[in-house]
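The structure under discussion is supplied below as structure tokens; questions concerning it will follow.
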């Protein structure tokens, strides 16, 4: 019965949703996810776990672990032919997903089976079908959407810049008050992609043929020259960059720099509440738009409870769960669902929700939303940024 | 059976030896294998790549420099602390205070250094309060700096207690009469140190130094927090190449780790040959 | 360079506890002085004070005209040798011998080496220069330690029971040899020992040190034959203490089996032990009346537990001692 | 006397250098919105501690950390005591090779060997179990215990063993009644160091424990990559308190278990 | 319990190096045997083999009928005492004395305590039970060590230079006391010493051990007076070795100033040293022709460096020795 779990997984794909729900009843599901945010943890522990228990009699256990390590664990288990793992759900997107898919660490396809996915998700949209240019193919189900925004201190910057030109000017006028994280950082790389979009003249060209060296060859210079131009006026004269967003946030919270940035349009709210960010923190997006990003939930190949995992993921995608996640008391993150597909009462609730003063209006956000491009661009930026920018001082 | 009886020690060492051998040496073997395996089977490309890579070479020298400086500093300070405070450190409570840094993981200790030494850190605030500086950027750059001052500071303070821990038994075992011999023969304090203490300290210092050095070269948390964007320490490179991107850099990452291991092994062999002879003589000597 | 060492009114206390009080002693050049005294009386402390390894509480130490009382140990022309050879185990024998010279930076390396080789020859260890201490026997190690001390050409050598860890056979040889060497080099020395025989053998004079003070100083045999105090009599000499201040030297005593009328005094005793020494027979005799045990020679063959008489012939054999110095 | 005082001042200086960051951390853990320019924070909040105390798994994680740490200490005793004794009292061919191998775990980058260890543990069927975690925690700890105990044994020497066994003591009895009480300081250092190391193992614990084994490090380390400094600070303090508790606990155990304690030997 | 200890054809090597070869010895119950021999000859090794602390290479050790050759140290009815008292510093004196009993689990704790207190009294240390070893003087510590060994009621007690770290005054007292105690308890013992006088004093018989073998066994004075080999003569006895196999005992020798015709033989000598021992005068005389130094008594007053003659009176005073055993 070496392939026990494998077979069970294959059988599961044939089953009806009701059978699956029945199978999942009374089981235990382990979700492995990054555990470094108190709001997210509380959302999972205080809202999701009890409600899932009530709805499906499934016990949800959250295990804090870095996605890197989760994948490392899975790949070693794969190599050692360990058919029965410990992980049922992982929180994943981008490159991690690409690696997981490539090394066949995921179970699926499964997302088509989920009722909430079918009912409420805009299944046609690119950001659900593609994860950083990698075709999802039902191996993961969308859980949330976030959008890239800049945070700034209103007291120090009365009017934030509106485009990259203005940003450059502002940086030069205020030397040392701006920086962005290293290209290896998730957020730092997103900032670079924004500049890239701008240099190329919009994401369309980048999206056309997936990863396209020609486009890069034509526009790379514009990108690098912009970055080099601002470099001397960055924090520490651009000699070094914060290794992670956390470091940038820390600089911002201490007032060393006046702007920070990040995925999740509402992230400043809880930080302000906890006294980490100044109360005068507000956010802005550039006129050229801001990249939106979807993150997903997936099931590992050797999940011991795939049925339970599917039910739990479905539950996490339910309008109730998504609305609770949207509330800034917990997480404050945007829904993975298409608001227009929601039932009336949920739509109403959504409309009435106040996300806080630091969050831009939904209209502003949705009008500036830009799609993600192929993950290869991410790698390309990582590989060349140090050579082209940092070393060219 | 007879063999076991007459070689009692082998039975005593067996668990520890087998245990480390199986887990660690096997792991090392796997890592070596991983570094020479590509999709097309065996190849040394990974090594070629990293040694052609300017950035890697530079970060290697950078790392070696930082590891060396931190090691030497913590050894020297640890030695001074032990030497001059040996009596005080015999007190249980006093020793506990010195061991304080050991209670915190390296990362936290690095974070404390940021709290203290960054441009908006507590010292900067202090100088501001004393009206010596009026904005944070007048404070010297001590963290995330080019020269790795922050990393060195963190490691040095963090490793001092370890060095003290290693050196205390040496001082406890030192012969109390030998210093008198040196003095009466006309030697001064420095001679006492050189002829009486140093020969015993040397092997232990070397060993402690190697452990600290290896640790600094291999651990990535502190340089990740306190290092610069370029050059990075090799451990950070290895970490990034291991986890990030599309895993195509993994052989390179393993190659970096194997290179670090090779360097440490090289040092180990040099130290062993330096130390073993003198240690043997001292074991037999009557000085102790 | 005729410089004597003068110790004047030296006192030393550890905290409240007085170890040496008001001690004075002059050591002539090239003179060997043996120091004996009960364990814990402060002999080692005295040497340490002279060597500068312990500060003195009062008094002065002069070498010739120079007052060295407040000098550091390493500046004094005084070398101390300890009970153990205490060679530096990580250095070769030659390096060990050289070390004093290299501390003082006397001459070039080559000269130092030559001189050290020279001293090694003097102590009969040529050819051992390249060996490490652990390869030498205890006696050889002690000789190396001696060479190491002598090479610094001290004006006073302090020896703290240097032979007590060496076995009997070699000790004898070493004693003579050290004595000759010190005499040859004309180095004054203070020599501590527990062994009265050794003290007599080595010393030009002997100092009996006890209860914080010097009890008696003098030529070994003079002190032996004419102890000044009951303490010295008991500790250093052989004989019978009668009462608190009368003493009869062993050589004035005879063991007889039958009590005779002819003698001045006699005491009943019991043989407790038979000994031979250098071919002569001795008996340990317990004298109950005086609570003393005495070793006396006898030509007569006595048995264990046999009752005998210890007799004093003439009244003038009994000497009266001062009760203290 | 004066000399002594000079060193005491040096000691106080050193202690201060080492203690000051910790003090700052303490303040940080209860501060609220502490920014540059304020020597002490202007407002305080217990939020940092609230976050951890309210985490449902905080207590079980502490329990698990204690369990694993203590098991690791016990196994270390079982493995390291005989090994340290053998290394201290015997010379044999290949001794330096054995010493090198025993030192390897703390010399080799752990990332490099993690995969191999994980595969071995899967093969042994110990992955994803606390016992497996205990075993892998031995890797970075055993070398240190051997080092510490070995120098302890070397300091005491073999003479006690010879004397006691001549008086009729068995190996165990000698170890327990003669060496253990005299090695108490070494044991203290060992317990302390091992627990600290075991407690701060994150990567090995998470990979081998597979989430089934939730130690404090598992809860704590993710927070290190957040900007919530009050939480980091308060976590760090709890983190540092645990070894102190263990030390106290072991001190009590030592009192109960180790014979002849009327005269406490501190050195 | 009349059990003698029989050592038969015992051999011991360290690697290639043979330390003891084919040694046999029988120790009667309650007998004290002194062992003397040059340093490094293997005396300590012998004791360790008997105690079971070192494995033997060949041969057997029997206690009564029981062969204990392959027994562990802790099971043998043999206790070894080392040069240092080696009291366990973390235990009180009473606990130290008790430890042998508690290792063997003999009796209840209370009984053990009572017995230990009893033994403490025997060694004259009642009232010290609650003290810690460091609070005792060296001699007292040695007595505790003895009590600790005796309480286990061993059949053989091995003593490896037990008094060498104790100062002369106390040593004398301790010797007698140990001897009496061993006799009282009827415990057989092997007693190693470097001191010939001590060996004679303590031993019912003495064993001279050298060059891997027992050179001679016998009553102390018998061996002294009739050494069997030149080695024993030189090492243990006093006298003049002539050639390789002739020996004249010191008591058969006289020192004269003028050479006389009446004697059988005479040798020219030079006085190198004057000694007093127990009130008698002795002179060290160097006899150049034989490369020997000799200590002889003399009633005449001799000066240092004086030339004298050492004479042998009769031909039968010269004994011929076997060259080896």
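Labels A, B, C, D and E are assigned to the chains in the order they are written; within every chain, residues are numbered from 1.
In this section, contacts are C-beta pairs under 8 Å (C-beta built on N, C-alpha and C of every residue); 3 or more make two chains touch, one makes a residue touch a chain.
Since we're looking at a predicted model, the values are computed, not measured.
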Determine the shortest chain-contact distance, in steps, between chain A and chain E.
2
Listed by label, which chains are in contact with chain B and with chain E?
C, D
Of all chains present, which has the mean Cα position farthest from that of chain C?
A
Counting only C-alpha atoms to place each centre, which chain is farthest from chain E?
A
Can you give the rotation angle that fits chain C onto its twin chain E by Cα atoms, in degrees and rounded to the nearest 5?
180
Rounded Å distance between chain A and chain C, as computed from the means of their C-alpha atoms:
90
Could you state the distance in Å from the CA-based centre of chain D to that of chain E?
52
In whole angstrom, the CA-centroid distance of chain B from chain D equals 18
Distance from the CA centroid of chain A to that of chain D, rounded to the nearest Å?
38
Please list all residues of chain A that touch 2 or more other chains.
72, 244, 250, 254-256
Residue list for chain D, restricted to those that touch at least two other chains
35-36, 114-115, 119, 224
Chains touching one another, given as label pairs in label order:
A-B, A-D, B-C, B-D, C-E, D-E
Chain E partner contacts - residues on chain C that touch it in the complex
38-39, 137-138, 167-170, 176, 194-197, 200-201, 221, 224, 238-239, 249-253, 272-280, 282, 295-297
Of chain A, residues touching chain B in the complex
68, 72, 95, 98-99, 102-103, 176, 182, 184, 236, 239-244, 247, 250-251, 254-256, 375, 379, 382, 386-387, 390-391
Complex contact set, residues of chain D against chain A:
32-33, 35-36, 43, 45, 47, 51, 54-56, 114-115, 118-119, 122-123, 127-128, 203, 206-207, 210-212, 214, 218-219, 221-231
Quick one: in the complex, what on chain A touches chain D?
30, 32, 34-38, 41-42, 45, 61, 63-66, 69, 72-73, 76-77, 79-80, 82, 85-87, 244, 246, 249-250, 253-256, 271, 274-276, 278
Which residues, counting only chain C, touch chain B once they are in their complex?
48, 51-53, 72-75, 78-80, 82, 84-91, 99-100, 103-104, 132-134, 141, 148-149, 152, 158
